[in-house]
Amino acid sequence: MKLNQLIGSIADAGRELLNRNRQEVRSIEELCADLSSSKGEAMGTALAQEVVSSYEKMHDTEKVAFFQLLLTRYSSDPETIIRCADAYKLKGDLASFQALSVSVEGPRKDLLRSFNMAPTGTATLVKMRKDLNRLSAEHTELKAVDFDFLYLLKSWFNRGFLTLETINWRTPAHILEKLIAYEAVHEMQGWDDLRRRLADDRRCFAFFHPALDDEPLIFVQVALVNGIAGNVQELLAEEDEQTRNEPFDTAIFYSISNCQEGLKGISFGNFLIKQVVMELRKEFPQLKRFATLSPIPGFRRWLDKELKNTDSALIQQEDRVTLRQLQNEVWHTVASYVEQVRPLLMRLCTHYLYHVKRGEQPLDPVERFHLGNGARIERLNWLADMSPNGLSQSAGMLVNYCYELDSVEENHEAYINDNTIVVSKEIQKAVKEIKVGN
Amino acid sequence: MKLNQLIGSIADAGRELLNRNRQEVRSIEELCADLSSSKGEAMGTALAQEVVSSYEKMHDTEKVAFFQLLLTRYSSDPETIIRCADAYKLKGDLASFQALSVSVEGPRKDLLRSFNMAPTGTATLVKMRKDLNRLSAEHTELKAVDFDFLYLLKSWFNRGFLTLETINWRTPAHILEKLIAYEAVHEMQGWDDLRRRLADDRRCFAFFHPALDDEPLIFVQVALVNGIAGNVQELLAEEDEQTRNEPFDTAIFYSISNCQEGLKGISFGNFLIKQVVMELRKEFPQLKRFATLSPIPGFRRWLDKELKNTDSALIQQEDRVTLRQLQNEVWHTVASYVEQVRPLLMRLCTHYLYHVKRGEQPLDPVERFHLGNGARIERLNWLADMSPNGLSQSAGMLVNYCYELDSVEENHEAYINDNTIVVSKEIQKAVKEIKVGN
Amino acid sequence: MKLNQLIGSIADAGRELLNRNRQEVRSIEELCADLSSSKGEAMGTALAQEVVSSYEKMHDTEKVAFFQLLLTRYSSDPETIIRCADAYKLKGDLASFQALSVSVEGPRKDLLRSFNMAPTGTATLVKMRKDLNRLSAEHTELKAVDFDFLYLLKSWFNRGFLTLETINWRTPAHILEKLIAYEAVHEMQGWDDLRRRLADDRRCFAFFHPALDDEPLIFVQVALVNGIAGNVQELLAEEDEQTRNEPFDTAIFYSISNCQEGLKGISFGNFLIKQVVMELRKEFPQLKRFATLSPIPGFRRWLDKELKNTDSALIQQEDRVTLRQLQNEVWHTVASYVEQVRPLLMRLCTHYLYHVKRGEQPLDPVERFHLGNGARIERLNWLADMSPNGLSQSAGMLVNYCYELDSVEENHEAYINDNTIVVSKEIQKAVKEIKVGN
Amino acid sequence: MKLNQLIGSIADAGRELLNRNRQEVRSIEELCADLSSSKGEAMGTALAQEVVSSYEKMHDTEKVAFFQLLLTRYSSDPETIIRCADAYKLKGDLASFQALSVSVEGPRKDLLRSFNMAPTGTATLVKMRKDLNRLSAEHTELKAVDFDFLYLLKSWFNRGFLTLETINWRTPAHILEKLIAYEAVHEMQGWDDLRRRLADDRRCFAFFHPALDDEPLIFVQVALVNGIAGNVQELLAEEDEQTRNEPFDTAIFYSISNCQEGLKGISFGNFLIKQVVMELRKEFPQLKRFATLSPIPGFRRWLDKELKNTDSALIQQEDRVTLRQLQNEVWHTVASYVEQVRPLLMRLCTHYLYHVKRGEQPLDPVERFHLGNGARIERLNWLADMSPNGLSQSAGMLVNYCYELDSVEENHEAYINDNTIVVSKEIQKAVKEIKVGN
């Protein structure tokens, strides 16, 4: 079915639903029509405010109808596009190009932009997109609508509009509670846990957007430590008198969390890490190293698959026996087993990070992110995250990615152009040993 | 010449110029290339900063070359567009639509967006557009580039991102001096003049954008008076003890000035007036009327033309004799002449405002603006602005446009749909008398 | 022993102790001497900073020695006072008065004032006074030093320098955690409890001093409810959907907590309540009543005493039997007993509030505070605070004091001049019934 | 006449005047009485507000009567003082000391403190003292009242409560206009002049008090230059392109102005200079020298006196002839005369600074201030301030005082203890030459 046919069939069903609450207030259908007309200029703020209020009261079925309205009524018109494309082919001048451009752009982006005139318009658009993503799982035709949402939000959440804010114990409580809620990597247990993470030897930074002022977009948690940290439970533990007064030379980025599902697909992490490195260098000139302590989310999933492959050259028969005991949830508490399985898992995980690909890039998503940013793989850490999540993702291992500002550009280029996985000497050595081992 | 041919011929000339300062720093050509590649993601902020610094040092010839680079290298590719259009015509599905969409969008908007990653990126883009507008007078091919600048800035300077700020004597001096510089309607003589306009019986409001925080976008000056004011010199005069303590019931918007040439074509005035009306109603519930005291910039230009039309049914022979003395620069100081010419000019100006059109809309641009916003013409004022500018534009007359929130939408609709010029009873009466007079 | 003799004997012992850490840094004795000399003017800030740092490192024995130094070295000189007093008696002119004034003032106040030049001087002086109060329990001679501390702090924490701040969920966490710590009336269980108390239908206000900017001096918690509230557990319970949207007409001050022990004896509560009443009237013109929900801290202590007085005309023999069961910690859970003892306890508590005195004023300290502020006793509430503390203080009863701005001055005068206890009609009636009962 | 008798006779006259406007509002006499009673506690803020409003409407005669009320009604009671002094002499214990202390303190300080409870109380007290100083020129008995005002304001404007603020072109206009008004050393011509003084190579700092937030207490203007500046007109001249980009190594404090007459006698300058030196060292580690460029206000006054002394050993007969032409107002424009008189005036001024005393300290007040702060006399500058004021005070000479943090304490001690005038080698040499010359 062509897009325009599909759109037609959806339109009729949706219209009825939206008009149900037409009695007292203008229906969202009328509001959108007014906003799209010249009235949008004259009465925009008020109309947009009504859209926002209406949307806040909608249930999912109404939301679907609303998005279908956006799809059916506010998509580009195929016939106009084709007519303009033909004219452009013929003339190729600026006027015909602009006409084509306008026809392709269609009325929906402008409508979405007009919603933004309401006082909480930006927040509502972000919420709409979150809903849209959820609802389009079932209503796949709505993905066409998301194309415009994403285009708009990407343009508006441009790095240049974001402000970096320091989060600490002087930050208002309504922001802090969002950090507790949004922390995605190492779950926070509540206010005491948060307070530890905002102590004097810790730093936390977040990006904010001026039109979403109570909502962090992304935040990163940093530990100032002596030497590269290899265990996250130690970082999260109560500060002890001794370490507090120790000099530190390393900043460990141990958790990066995106906060807004409605901004999925817009990347902030790369900019955040780099600006935080610069902020920290300004505040603490003594810092020598900037490294992450990162999860390896795909390792055990990959390992389980590899174990099913009985022809795998990677895993010897005896290793299979050893690995079988990983099924036991308390394997990590049995010291003798831990020592036995350690070289094997370290070797397999090094292999996973260095050799296992999806297409030409590493399979591991966190690895792809950091290598794409120009980091290098620094060190693999054994028994580094003993939380249930850490054990089930990566058998408790974590990896450090190192950011050296001087080589970030070069690393990035090597990765992008040649798929080079830049690693430290230590990892390089481990990689070579695997080869011998195989 | 087709657009793409034109672009080709410009490209060669420009490239050479841009590369002249290639020795030490990356040329802007390289910087743009890097920003457009995957490096933009990895190193964006730094590259964008270099673009901003480079641009600040450019002379006009280099700027032209830079804009020509944007034209030749970063326009949409006609061949790709045509190929995508053909595919879309054939398939009409979402994928082919999105491919066409991307091809029409072209790489330039994304490049401009990437400039914004620099700390002062937004300000630089606004400056670039100001330069572009100036330079494209001679280099008309650059108007194609402005299409993207305008698209982007319109999206970013969406009403929802603007903040309304009160300007008063507590405002930082570096903002206040910009008001002195930008005041376009009734020139300010300096700080004392400004201070008068920020006194207790005055209000001033401006829109700001968070990424341009020291630069007002537009500001409006309001006088709180008793009854509709008809003379601007009185408003600007020193406050006297008596009037200060008088109760007021009317807010007169006596000056609205746009501040940023680089944002030409993006309209803020309508939103500003309406929000200010709401702010004032909140602060002063006793206010009964909201009206402008506005210039009539096109009246004398039109009158001079009409005088040249010897067949004009509007102007009798004896009137021509009377009007001839308007050439005398001091006509307004001769009381007897002033009284003689008053009914004639008031009649002609009423005619001008009510009947003289450009297409179907009024010829006068200020009138178009306020009627389009939903205001009505309230009253014509004689000897209302005796400044040289006031005399030369409109023989010293000013007009009040009245904003009544309750009828704004209706007025707007009547104006947009039927070209109805909504006027007060007083003006209605004067209009009828002209008809009789003719 | 005369004061000056006492001082002499202390001086020698203390000097030795203070000089122990003289090696590297100037002893606090030297620092004080320098601050008291002309050097104070020239080098004041630096010297004061050293005093602050030294004090922070002191143990209690050193603190005692330091306060003894303040006593022995910086008290007014008795001989000079007597000489000046004699001269004043003889001459009685301004010069002799001022000389006497200076001699009585002595050097200590000036020394304390000079400590304040350090960046955290004010906070340190408040801490010093807290320590001083604690230590002078044993070292009673130090009470002479507190005279000057109190004089100074009273002058500096003048109402005119305090700022009223609204505390809500947007307040920085480091302030909020202090509220949890300082809440003295109804203990907070942690952040969730605090959050409830800062919900939309609650208000919290605190006084701050500009030189102590992270430390509230006093705060009051207010519930906005419908009708006068008579039960504190209900106020502290989770907000339910229904009450949230109910209109409210009454502000209940259910907790007032002083925060700074070092400011004991300086009264803030009266000013706070009155300013908060005015703030709330501005924000919510619909409020009809402002009342406290207050503890009756002295009731059961008094009752126990009265019970020991076997001749008491107040308590009949049968009442004694009834009251004996109050010893049982769970008496309030036995419905039948609760109903039986209710009229008796209500009657006794009304008597306690109305008739029981210390001198000419009520025995109950909370009652003295509110009556002195011009409030009236409004209502006695049964089973109003079932916390262990509420039960042990007042058998679970709480009392409302009502603040009517119009009668506050009159009430205050009646109380101060004639010891009149102003009560509501309801209480008046209950008081009469007691009389009958007796 | 004894103080208490004087007071009695004034009281009757003043009371009548104050009560004249008693009809509608409470007289200030009643207000003060209420504030001094227990009502002050209960109704303080409202009563204090009435005092402030009343005071604002008073004419000078009423103000005198008001201050006389403060004198007659609120002074310490002589009889009580004498009784308490006798008791203290007898007992000498803490209680009798405190009773004496209270009797000497009297009720006036407390009354003044209670005025401060009004929202603008502090500002009003500062205004009152300004008026009091002016009015006590004629009504000398009021000086007794100023004793308490000064005591109180000194305590409240303690260095620890002041905040140092940077003043620049981003400072609100209502503060900046006060700088123009208060500049006492080198008059400002208006906003353009001010702007020059706030340019990038200048700094301006002021002390503020939190209860007087729109009023600077004192400000200092600093020029960042290369080498010690010796001419103030050069510093105030338009910035030229060349000097702007030159590196600077010296901070010149070329103007220090006290702003509040009501705070006369409370010294801020010393603290300001020292804190500004520290701020500047932090911002510009390259700064090597901190020096003033100061007026010599007493030089010509002294010289004129010396010229009248025909026996003066300092001035030779031929010098007298030369100096006679200084009477000519344009002497400084005659190049030949300027060269002739230069060595003579430089020598005499060096003598003035080094040898001319009032008691044991220098006669020149600016010199006393800087030497007392621990500065040294660095250099005498010829033709350094050619303004009318500069010529009439010091024949156009200015002097640099140098602040070296390392020697400030030592210099101060030498000056205070031994009256040593610390000077640079250059001045030392000039001083020796005078001696030879004599």
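Each chain gets a letter, A, B, C and D, in the order it is written, and its residues are counted from 1.
Basically, contacts are C-beta pairs under 8 Å (C-beta built on N, C-alpha and C of every residue); 3 or more make two chains touch, one makes a residue touch a chain.
Just so we're clear, the structure is a prediction, and the values are computed from it rather than from any experiment.
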Item to check | Required minimum of steps from subunit A to subunit D, each step between chains that touch | outcome: 2
Checklist entry - Which chain maximises the distance between its CA centroid and that of subunit B? => result C
Checklist entry - Any idea what the CA-fit rotation angle from subunit A to subunit C is, to the nearest 5 degrees? => result 180
Item to check | Centroid distance [mean C-alpha coordinates] between subunit C and subunit A, Å | outcome: 52
Checklist outcome for this item: Per the C-alpha means, the centres of subunit C and subunit D lie apart by a whole-Å value of 40
Checklist entry - At what distance in angstrom does the C-alpha mean of subunit C lie from that of subunit B? => result 61
Next on the checklist: Residues touching two or more other chains, restricted to subunit C: which are they?
Outcome noted: none
Next on the checklist: Once you draw an edge for every pair of touching chains, what topology comes out, line, ring, star, complete or other?
Outcome noted: ring
Next on the checklist: Show me, using the given definition of touch, all chain pairs that touch one another.
Outcome noted: A-B, A-C, B-D, C-D
Checklist outcome for this item: The answer for subunit B against subunit A in the complex is residues 2-4, 38-39, 41-45, 48, 76, 78, 81-82, 85-86, 88-89, 91-94, 97-98, 100-101, 104, 113, 116-119, 121-122, 143-144, 147, 152, 155-156, 158-161, 210-211, 267, 270-271, 274-275, 372-374, 408-409, 412-413, 416
Checklist entry - Within the complex, which stretch of subunit A touches subunit C? => result 169-174, 176, 190-191, 195
